[in-house]
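After this come two complexes, each holding chain A, first together with chain B and then together with chain C.
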Partner chain A sequence: MRKLVFLALVVALIASLGVACGPVAAPTPTVKRVLVGFTASQTGKLNKESKEQIQGLQLWLEDVKKAGGIKLKDGTMLMPEIKFYDDESLTDRVQALYTKLITEDKVDFLISPYSSGLTQTAAVVAEQYGKVMITTGAASDTTMEQGFKTIFQIYTPASRYLTGAVDLLQKLDPTAKKIAFVYEKERFSTDVTTFAQKYAKEKGFDIVLFEGYDTATTDFAPFINKIMPPKPDAIMGGGHFTDGTTFAKQLYEKKVPVKFVAILVAPPEPAFVEIGDAAQYVVGPSQWEPLARYSPESAKAAGLPWYGIGVADFTSAYKTKYGYEPSYHSAGGYAAGLIFQKGLEEADSVDAEKVKTALDRLDLLTFFGHIKFDTAAKTHGKQIGHEMVYVQWQKDAAGKLVKPVVWPLEGKSADAQLRKQ
Partner chain B sequence: MKRTWPQSFLWLTLLIIVAIALIPILIDSASLREDLFLTLMLVILASSINIIMGYTGYVSFGHIVFFGLGGYFAFFLMLNYQVHFVLAALASGVGASVFAFLLGIPVLRLRGAYFALATIGINEAVRSFVTNFEPFGGAVGMFFNYAVYDAYGGARNALWFAYYAIVAVALVTVAASFLIKKSKFGLGLMAIREDQDTAQVLGIDPTRYKVLAYTCSAFFPALAGAIFFFKNGIIEPGPAFALLRSIEGLVMVMLGGYGTVTGPIVGAVVYERLRAFLITNPNFSSLHLFIAGLLLLVIVLFVTAGVVGWLRQRVPLLRRYLE
Partner chain C sequence: MNIDALVPSSIDGLMLGFVYGLAAMGLTLIFGVMRVINLAHGPVIALGMFAVYLIGTQFGVNPYLGLIAVLVLGLVLGIVMYFVAVHRVINAPELTTLLATFSVNLMIIGLGTVVFTTTPRAIDMDLGAFRTGAITILGTKVVAVLIAIAVTVGLYLFLYRTRVGKSIRAVANNRAAAELMGINTTGVLALSFGIGIMLAMTSGGLIATLFSFTILAGGVYELKSFVIVVLGGLGNPTGALVGGIVLGLLEGLTTIFMPVGWVPIIEYGVFVLILLIRPTGLFGAR
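And now, the complex of A and B:
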């Protein structure tokens, strides 16, 4: 009997060891949904820029899903999803929609609407609910100088938008002395040109004209008539895509004899080429360009960690999906998602406070450029790492219009050219 | 004193508004609060336009100018002189009314299309002035530091506070619309609407009546503007003087039924709810403007008296009960 019990125990032991040592099924990682909400200008005057931004964000989402999600240290996979509504390019409904996103749709994180005005309105709601909001497509300095605690800006602020164009002009033609500023009378363009004008004065330029035009202006003849008499060397200004494009076209048609033209927002857009020869020589500040030279190597050289997709991979994936080259609005959309991703990984949690702390600490280089947020109480979340690049439409050897990066010098892919009539 | 039906109708209408306005407070729903805020803001705009358009027969295309001015006056006072929001809003209402009074004297001499065009011109002129007026922030506009809301118990409380304020203003606007309609003054306005020359023969001073109606109709949109931009934390010339919102106000009045008290309320509620539904519905989100436009076209073509007007025409009994 004792032998029988002993035998049974041995068999049980062997059996249990067999179970323990046999092939073990890998534990299924926990998948947790992370909902990112925002409003988009699917209709209204901001439709074009906003659409590009959403497409960029959607591409990021696809990439994350292909990778199986965002992995936390405990093996949990965060699977982001997006939820958005049309804000009609108006502030009217922005607060209502952001409140709906937070309280009804229960989004975990937010992305800003396109444009500074709409973003400011949304920020009031995001901040009161303690929701982390990445702002993209919003470059206003003033929005980020209100002591917000949970708002983080991706774009280079307006105060540094056109200052590089002033430097470029000085480098290109040291004899240039006179600049005329003609800008759209709205928040963003006025902010940008006011800062640029101040900077140009500090650099020794004379401001021969500083005049705004109404939004939706289509006839720039009165402004061109004012530009001509003081004979400026350069014209800077513009506003958004439609007016900027029209302004450039009419400057060309009226044969305005200036050496240098820098216009906001419109030139970096691939569709700017549709105005043909009028696009040639026009310089435009851009938050990002397909020819931007951000790479793991440049990160190493700058002593920064590199994160995420490469410039060429992003450009190629975007072209494959949408059939045309991405603009900086598209890249801004992707970058917003990417920074969230990094924030979640660094925080190793979806807790808003931990993600906020992780974002505060970020200092890295991505395909979009250097990202670092200000942590001072009054300017918390303001972008202090990212720099603008400047493109210029030029004709290549085959006579085709292309837009290489011409400034800053260390990132240029072609030399800038003075305008010829 | 025995209460007459029209008085009971007023109390019933106000009671319905209060009952609906209480829902987000009772269930603590910020999302519903935001929806109702917008709806009540449009009720105020439509009811105010109705005073000059529905009762007096003067189509004010640029009525949004008072909304924008109210927002600017209040914002300026709060930002530069730290005036409490309620006082700033009231001051903005008075300011806009004074502006309307002074403006009304010359402008209300115009009739029909000339008046309508003049109101558009006024809105554009004021927008252009404000865009170049540095004390109001010029093209950049004005914005609050987030800390401003601390004086109202933080941003979350401030948004509730703005909601209570808009409910109060909506109640007062509806009451004023009713009282004007039922007063001798209102009868005078309607006489002017039907035939100004005959009204004059009957002893009505058209200019005085019209200017007074215009002044009244400017007060409430200014309060709504003050509340809306306080809540937004930012005011810029474009959104403040958006002509589209003015035209939407006219559409709401037409949709509900002009010249009635309930018409603008119904019009504002239907229009706003329809738009909100279409915008947030995944199947219609990109078609909302098309669908809204189509529906409005059908209503304007086939229900010219508006919903309330149509009901009053079809059901004679309702003429006694539906104001």
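And now, the complex of A and C:
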């Protein structure tokens, strides 16, 4: 019995020594909440693209939370949280809701809504209140040429959106001479087609039709009837997912005999395939594709620092979470979060002025591509690093519709094809 | 002017005109019988679109068969709407009935936005096409025209060949005299409103087989219906069909000469012109 008591005392002594001599517990890092606000078009005509964008952003948020937050140099962990409302794809709602996010919800930073039109409104509100806003899903040049100081654009601007399609057409069919432009009458599509038309003229093309359609248009027959007589070689334009998809479908139904069709926004979306054979041969400019070749190696080759998740990791994480491939809208959502994160890290602070200065200095490569913001007073925050890629819906050997990258030549994963009836 | 564009554009306009006419017929019938301008006409057209869409997606019913259910639904909804919103103010000044139906408009749009959101929907229909040269006539449009004609003929036969139809015409002509002749005017008014709503919903169902739509999509057709009703003569269902065809053709032709965005300006210009020169409409009695 005395032996047992002695043994127990020895064990207790060793245990207490063990505790006393064990590693000193690290001080718990200070965790600071950072509230990021935005509106999502959960309803209305921009619902599809906005949903993808928000899903991308939410995936970024999950990754940051898994990593324990965004670490500052003093060990403080910034934990982003998001606050958002449904803007119903309406400008009026955006104006009211961004004001509410700033004045009532007291958000620290802002992400833009989807689309140039809504972002223009949000940008004015953000600038008025001095809030830093990362814009994604918004490519308008005019928004970024108003001398805003706190707005930073992720997307390649509209002026460079369709110019590659003109180059691709010329490469694919040097005899092509006539292009018809039919576009949605709103800021983004008008910007894109106006610049593309100018570029096409410089390249020697004749513009046989340049006409806009109202946002709510569902019947494209009047435009198609106007397109046919001048016998264009190519049709370019469109606007957003719903109208772009309808336009492509009606072009196919009416068997419009053109060699090349390039439509904005809709073709890069995986859901574009739902229109079946009407999708075949349609070319679409894309801000990003899962086949994009951005990597730490390509960053090194370009002399740029690499930052964040890899293309394959993002694509697989998105597929795992949502069950399908991400579109460029999804990637844009994630990239907005990622650039915001880098801005905080570089600023080592949540002070808006320091974050703004840090963003001004960014020049790096991410899974989304090269990101660098213009710092000239008039065009401050405009994206000057990122470049577009072009996809085309084609049938693979098994007859399945796929969308390889066909332009630029150095990044293509398949050859572009001329349209056949 | 390009003759190549003129022919296909006229055909497209003409075919769409039949559907416009059908949409306007409901509006003009209600006005003709009870002097009520139904401002819930657009939302009711949108309800027709959603009815066909939901019957198709939820029960796997072919949209054209779904139209039969829409006919019944429209009739019932119209009768209910009449007793809820119109009956008690039927003898009040026209502004009162206008406001009553506008309230119904707001309720349908509000509820519809909550339930369906404003996300566009579409019915995937492919009935092939007839093609020759620059002309392409889609099978869906041909069926829409045939159904519009069938409904118009059915309405005409009902109004002119049946006892109930004659009662409706009698009430439209002189409600007090019809009542003295022993006609149940309340029942006739409710039935007429029901038929008007039925026609609007049917046109909505047909439009849904052609184009994508939201709960707000009926607004465009409501405005066109007003132009057509004025064109064809207030209270004249046959005039509405002809007015619809004229408007469709006008759309088809004007878009060849000018930007498509100008179409509403032309349409409402015609609207004002007819009101000024011939307020009873092109086919109305002087």
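Here is the rule we use: the second predicted complex is superposed on the first by the 398 of 421 C-alpha atoms of A that agree within 3 Å, B and C clash if a C-alpha of one lies under 4 Å from a C-alpha of the other, contacts with A are read in each partner's own complex, and residues count from 1 in each chain.
Just so it is clear, a contact is a pair of C-beta atoms (placed from the backbone, for glycine too) under 8 Å apart; a residue touches a chain by one contact, two chains touch by 3 or more.
Computed from a predicted structure; not experimentally measured.
J.: Which partner chains sit in contact with A:43 here, chain B, chain C, both or neither? Use first/second/both/neither.
T.: In the superposed model, A:43 contacts both chain B and chain C.
J.: Is A:221 touching the first partner chain B, the second partner chain C, both, or neither of them?
T.: In the superposed model, A:221 contacts chain C only, not chain B.
J.: According to the stated criteria, A:147 is in contact with first (chain B), second (chain C), both, or neither; which is it?
T.: first
J.: Give the label of whichever partner, chain B or chain C, reaches more residues of chain A.
T.: B
J.: Between chain B and chain C, whom does A:103 touch in the aligned arrangement: first, second, both, or neither?
T.: The first partner, chain B, only.
J.: Which of the two partners, first being chain B and second being chain C, lies in contact with A:417: first, second, both, or neither?
T.: A:417 sits against neither chain B nor chain C.
J.: Does the superposition put A:95 against chain B (first), chain C (second), both, or neither?
T.: Touch partner of A:95: chain B, not chain C.
J.: After the superposition on A, what does A:120 contact: first (chain B), second (chain C), both or neither?
T.: first
J.: Touching A:185 in the superposition: chain B (first), chain C (second), both, neither?
T.: both
J.: Look at A:170 in the shared chain and tell me whether it touches chain B only, chain C only, both, or neither; answer first, second, both or neither.
T.: In the superposition, A:170 contacts neither chain B nor chain C.
J.: Once the complexes are superposed, what residues of chain A are shared between the chain B interface and the chain C interface?
T.: 42-43, 88, 185, 212, 214
J.: Flag every residue of chain A that touches chain C in the complex, lowest number first.
T.: Counting only chain A, the residues touching chain C are 42-45, 47-48, 88-89, 185, 211-214, 216, 218-219, 221-223, 225-226, 228-229, 242, 246, 253-255.
J.: Which residues of chain C touch chain A once you look at their complex with the stated criterion?
T.: The touching residues are 2, 4-5, 8-9, 12, 16, 113, 117-120, 122, 129, 131, 134, 136, 138, 210-214, 217, 220, 251-252, 255-256, 259-261, 263.
J.: Which residues of chain A touch chain B in the complex?
T.: Where chain A meets chain B, its residues are 42-43, 85-86, 88, 90-93, 95-97, 99-100, 102-104, 117, 120-121, 123-125, 127-129, 142-143, 146-148, 185-187, 189-191, 212, 214-215.
J.: Over in the complex, which chain B residues touch chain A? Could you list them?
T.: For this pair, the touching residues of chain B are 29-31, 33-35, 37-38, 128, 131-132, 138-141, 143-147, 149, 154-156, 159, 231-234, 236-239, 242, 245, 276, 279-280, 285-286, 288-289.
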